[in-house]
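Everything below concerns the one structure shown next.
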Amino acid sequence: MTAAVALHIASPTRSASTDEPVVVRWLLIALALSFLTLFLFVPLATVFYEALRKGVGVYFNALQEEDALSAIRLTLIAAAISVPANLVFGVAAAWAIAKFEFRGKSLLITLIDLPFAVSPVISGLIYVLLFGAQGWFGPWLQAHDIRIIFAVPGIVLATTFVTFPFVARELIPLMQAQGSDDEEAAVILGASGWQTLWRVTLPNVKWGLLYGVILCNARAMGEFGAVSVVSGHIRGMTNTMPLHVEILYNEYNFAAAFAVASVLALLALVTLAAKTFVEWHFGHENRTNIQEQET
Amino acid sequence: MSPKTLHHLLVVAFVAALAPTQASADTTLLNVSYDVTREFYKDYNAAFINHWRDKTGETLTINQSHGGSSKQARAVADGLEADVITMNQANDIDMLAERGKLIPADWAKRLPNNSAPYTSTTVFLVRKGNPKGIKDWDDLVKPGVSVVIPNPKTSGNGRYSYLAAWGYVIKKGGTEQKAREFVSKLFASVPVFDGGGRAATTTFVQRNIGDVLLTFENEVQLIQKEFTESQVEVVYPSVSILAEAPVTIIDKVVDKKGSRKQAQAYLDYLYSEEGQVIAAKHHYRPRSEKVMKRYATSFRQLTLFTVDEVFGGWTRAQKVHFDDGGIFDQILLKK
Amino acid sequence: MSLLRQHLLTRHSVLPGFGLALGYTLLYLGLIVLIPLSATFFRTATMGWPAFWDAVTTPRVLASLRLTFGASLIAASINAVFGLLVAWVLVRYSFIGKRLVDAFVDLPFALPTAVAGIALTALYAGNGFIGSRLEPYGIKVAFTPLGITVALTFIGLPFVVRTVQPVLEDLEVELEEAAACLGANRLQTFQRVILPAIAPALLTGFTLALARAIGEYGSVVFIAGNMPMISEIAPLLIITKLEQYDYAGATAIAVVMLVISFALLLAINILQWWSSRRTRKAV
């Protein structure tokens, strides 16, 4: 890791006129790192410390347990459905909002933000009110023996609701900041809408898009409150990883609980490692392209 | 990723998601229970599956669902297809009769002992050596003693603790007014209201907050086993509450699934000697006198009163004491 | 689709796809968010106006709403300042372990909120790693409103960093060079050139962190202490109502929270739209 990271703190691409004095730089770095340490690293270290406190053997046994494995599977399924769904939505919404001026735009953005502000318990409850036995569609669903809540579809719906704004909200400010000159040029030169989207817009926003997907994915896998309401908590069937963590914790099985929690943390790290790799790979490619063009 | 691959991915994921909901050929039972019965039903289910196989040749699959008691009852009312429900408070099951019409209103009469095959009671947990000299309820309201009780608004364990304190005063011959004063004083010393019994235990044992923890007898044994490094000991008060844990089959579900026979046998077996022994091993007080005698050393004799006797039943107790604006809210806001 | 274009667009654009993009956005928004959320309003409507008013104006509910919104605002503000700082440091400087720091920023999302709550409580309790160091100064964090703010800061931490970061990365260095050539010092350049450019993203991040904090339950309930009038958050009252099978009462509080959040978010978004229009005109 350290080998890949530059040891010097001067940014090579910047000239002195756009750089801060060394002292200021150090001060800002120190301030940022102490904030992160207090609010992020220490809590996370606690998770890993607790997970490994009873030894590596206990750690791995906790993860090989059948219920843990089925919880991991269910969590991955829920994320695999809700993240792509929200990705498609996010691109559509950002296209409409960032590229056009229309009435009611602020209202639309606010509605997209709304799922964040809804208490997770309520996010789950709304689906109970819709699909529960006492709900609007409940009797019809029961008559046709279709299960939505207390089964996988309910978990997917709740996850989708909770992670709804992530991709859209990541893309909107980015695409607004970029403006639509590139796209307009492409269209005037005869590209179709889809071609413009695929060849111009998406490459321009790929990092923002990736950030959005990563956030969305991390949150989808970590969601607890909303899923807890619609899950039914059937062991080995409708328990996701966060719910399994709660069960283990409530069994006073702290080491195992934190072990599963640390896997969630690691899953997020893996996606980020993938991101860093892709970034590095593409960045490298682009740079050589530019150099070729220049020579 | 092209739209086509994305589409394929969605389809695959959707199919994969639906697959696990398919039931297997043999009968599957779902027991929806509250939080702390996990260890007990793990053992009990294994025993019953053997018993049923020996008797009928059929191999059962028994699934378990655990969570906060009211939340679990709510899930069943909202369509979680439980064959049997095993709670720690009768009003959580009454609700199924009222709201969902899932069971008959007189469900409690269908099995012996108010349909509660095992019980527990509220006891005290104190720090090693009992530095504050806690012996009975009156010691809890002495100045300088702080008591950890889970929030009665969200925890069945907390509700039983509250009712136990109230009933103690009544049983001593005190008036409702005296009981109210006593409970007010008790709750004025609570430093943290945790959401559930297990969270309160963590606060008491691991965060080292409070001098006394009120919790179920069956929990105390587990705490002493799990937190060997922690220094706590149990104190039995002179009088406490009989926490009856009612069970019932969910008629609407078993009739639809055709699992009434198995579900009924599952609950009946709780009253058998084998079932009672497993309950006693997990520190639930058995109803069978024979089994109780055998485990007499694990269960201290003390005067126990029921919710029906002192509070006129759970529905009334809930309404008078715990509903919004009830006595519990009043004493808490006055503080 | 062309109807949408005719009636809604306030400025002509050569770009295609407005009808499709907006149509799909509205459809998906309606199915996933609006129809389900409307269920809370309908459920609340069953209780009637006086009952609703009584349910949401008791001193206890008001105190919890004050606490929830107050702590959320403070936490989001902390995140706005420090999130911007973190994003800046991550984009502009290189130092040992930067990649690692960058990767860890998202972890508050991945950690189940209950785990975050438990870990934070363990740290900030009187006998915890951090709590025991603060105790001698008379600062109590766990089981006080301060603890709630800490938990809400934790869960909202990635929002500002992750919304500001891509915009900061895309910022053209030429602008800053031009400002420097025209004689601006670093602070002036930051105030006049950089800050306006990242302001929309910063405000977005602040809004999201705020919104997320308002609804949070899982992590807070462990560290809050849950004392009525002091450290009882509104989502806990919703749970309390549900424990009594009072769906209407629970959704009533939810509706109040929703309306307040909606108004708050709308105000911020309009402010942002207005400020972006102003800067565009100025350019």
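A few comments on the model shown:
Order of writing sets the labels: A, B and C. Residues in every chain begin at 1.
Convention: a contact is a pair of C-beta atoms (placed from the backbone, for glycine too) under 8 Å apart; a residue touches a chain by one contact, two chains touch by 3 or more.
If you're wondering where the values come from, they're calculated on a predicted model, not measured in any experiment.
Each chain gets a centre from the mean of its Cα atoms; the one farthest from the centre of chain A is B.
Between A-C and B-C, more contacting C-beta pairs join the chains of A-C. Measuring from the averaged C-alpha position of chain B to that of chain C gives a distance of 37 Å. The centroid of the Cα atoms in chain A and the matching centroid in chain C are 15 Å apart.
For chain C, the set of residues touching two or more other chains reads 118, 122, 239, 242. In chain B, the residues that reach two or more other chains under the touch definition are 71, 77, 99.
Annotation for chain A: residues 135, 249 touch two or more other chains. Those residues of chain B whose C-beta lies close enough to touch chain A in the complex are 6, 9-10, 13-14, 16-18, 20-21, 30, 35-36, 38-39, 63-67, 71-72, 75, 77-81, 99-100, 196, 198, 201, 222-223, 226-227. Of all residues in chain A, only 74, 77-78, 80-81, 84-85, 88, 128, 131-135, 138, 142, 147, 149-153, 156, 228-229, 232-237, 247, 249-252 touch chain B in the complex they form.
Listed in rising order, the residues of chain C touching chain A in the complex are 8-11, 13-18, 20-22, 24-26, 28-29, 32-37, 39-40, 43, 82, 85-86, 88-90, 92-116, 118-120, 122-123, 129-130, 150, 153-154, 157-158, 162-163, 165-167, 169-170, 173, 176-177, 180-181, 186, 189, 197, 200-201, 204, 207-208, 210-212, 214-218, 234-235, 238-239, 242, 247, 250-251, 254, 257-258, 261-262, 265-266, 269-270, 272-273, 276. On the chain C side of its complex with chain B, the touching residues are 59-60, 118, 121-122, 125-128, 142-143, 221-222, 225-229, 236, 239-246, 249. If you check the complex, the residues on chain A that touch chain C are 1-2, 4-9, 11, 13-15, 17-18, 20, 24-25, 28-29, 31-33, 35-36, 38-44, 46-47, 50, 89, 92-93, 95-97, 99-123, 125-127, 129-130, 135-136, 157, 160-161, 164-165, 169-170, 172-174, 176-178, 180, 183-184, 187-188, 192-193, 196-197, 207-208, 211, 214-215, 218-219, 221-225, 241-242, 245-246, 249, 257-258, 261, 264-265, 267-269, 272-273, 276.
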